[in-house]
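Letters are used for the chains, namely A, B, C and D, taken in the order the chains are written, and counting of residues starts over at 1 for each.
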Amino acid sequence: MNGPLGSKTWAIAEGYIPANSSVAGRELESHETVCILNCGERDAQVEIAVYFADREPAGPYRFSVPARRTRHVRFNDLTEPEAIPRATDFASVIRADEPVVIQHTRLDSRQPALALMSTVAFPDR
Amino acid sequence: MNGPLGSKTWAIAEGYIPANSSVAGRELESHETVCILNCGERDAQVEIAVYFADREPAGPYRFSVPARRTRHVRFNDLTEPEAIPRATDFASVIRADEPVVIQHTRLDSRQPALALMSTVAFPDR
Amino acid sequence: MNGPLGSKTWAIAEGYIPANSSVAGRELESHETVCILNCGERDAQVEIAVYFADREPAGPYRFSVPARRTRHVRFNDLTEPEAIPRATDFASVIRADEPVVIQHTRLDSRQPALALMSTVAFPDR
Amino acid sequence: MNGPLGSKTWAIAEGYIPANSSVAGRELESHETVCILNCGERDAQVEIAVYFADREPAGPYRFSVPARRTRHVRFNDLTEPEAIPRATDFASVIRADEPVVIQHTRLDSRQPALALMSTVAFPDR
């Protein structure tokens, strides 16, 4: 059940971290997530560039996803080289040095009843 | 981290702007959005044609997405050559003169608890 | 802004019509929709086969989508050759004689706050 | 209306079974589902591997999807060789010996108003 799967370059044209949450605590806090699956046998080095409407892109945000692991990274948690502003439209390009699979999910809890959305990102291949 | 990514032609078969919202203000108003990412080095000229069930298509709606920028355009805001009717099924085709990546998102706040949906659009390639 | 776009065969592996709705009226009734865009210059004849967990497929359900038009068809409304059962897992294959683009959307209003989901269907190409 | 459709290998980078539900009963319990459509004429043997952030993958989880049938399998229900932990990020790779089509859906009912998300999984082809 092994072997690399996916693409080394992906894009997510949607991005928005709601400015607030109706619920306290990390679990149900409004968040925007990039889910990365590395089902290959080599660790993947990942870089994210974040695009905006009216300024030059931010990043690169760098981290690794070990072989045979998944990481679900919240854009809320990205701080180096700079935090992602809240309530601001953005988009992202994710590049890895090994094939990975990427899915984009948002949990929005600005109102008491949370809302969800998810889509596989756009692969370049 | 540069270079064009995506396709010059995309389609979104779903489209519907809810007729009302339970919340006042632009942020949580019911809306239908096309998110466009241009991560290339040249500005992209974009044209949207809007299709309906029972009349000829509307448009083209024209705007640009600068190099290394994203624009999240609400169908609610398109007025030239004509506004998109509310509570009406539609679909759209987006053409650009540079490769772009497109994602479709709806926020529906007809009821007090908002609902979200999102998907990468269908690329022609 | 014309020209055919899409595929002649699509699949939707998810399908479920909730058995009830918390709201009266067609607009917010729980429904499962297949959105079909025909942006070409020829009318498309469409056939849907519906698959289940424990019986032979139902259908074909036949209708047309005229040139330069979109139709958002609710599975709730399909009755010939038989109605789709509620609260039952299903899936569908959509075949057309012209290229079309297909997106799948569900509105679930079993609870007072509606939920939405949407995805571009899977094209065979 | 027959013939195989899809891919033999798919990935879902997102995965999370909420730890609780605000509603009793199987129908509205928080769940994470993989919907599999086998529209071909031969039964498909399916294997799922589940990937985590900080341990080796679990599985394979094995079952079959008969010819001309769909199965919507909840990750909640997978118990052999081990249950999937709740409130834990995961991802999955699905391999079949016949082409199938796969869609990923979550119903989250941690709060009284449920939330939904769905996307076609990522096919390897």
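A few notes on this one:
Note that in this section a residue touches a chain if its C-beta (ideal position, glycine included) is under 8 Å from a C-beta of that chain, and two chains touch if they have at least 3 such contacts.
Keep in mind it's a predicted model, so treat the numbers as computed, not measured.
Taken over every residue number at the interface, the positions common to chain C and chain D amount to under half, indicating a different-residue contact. Distances between chain centres, each the mean of the C-alpha atoms, put A farthest from chain C. Here the CA centre of chain A is 30 Å from the CA centre of chain C. Chain B and chain C have Cα centroids separated by 21 Å.
Across the assembly, chain A contributes residues 112-113, 115-120 that each touch 2 or more other chains. Contact residues on chain B toward chain A in their complex (touch as defined above): 1, 5-6, 27-28, 33, 35-37, 39, 68-72, 100-103, 105, 107, 112-120, 123. Of all the residues in chain D, the ones that touch chain A in their complex are 9, 11-16, 47, 49, 51-54, 56-57, 59-60, 87, 89-91, 93, 95, 104, 106, 108, 110-113, 115-122, 124.
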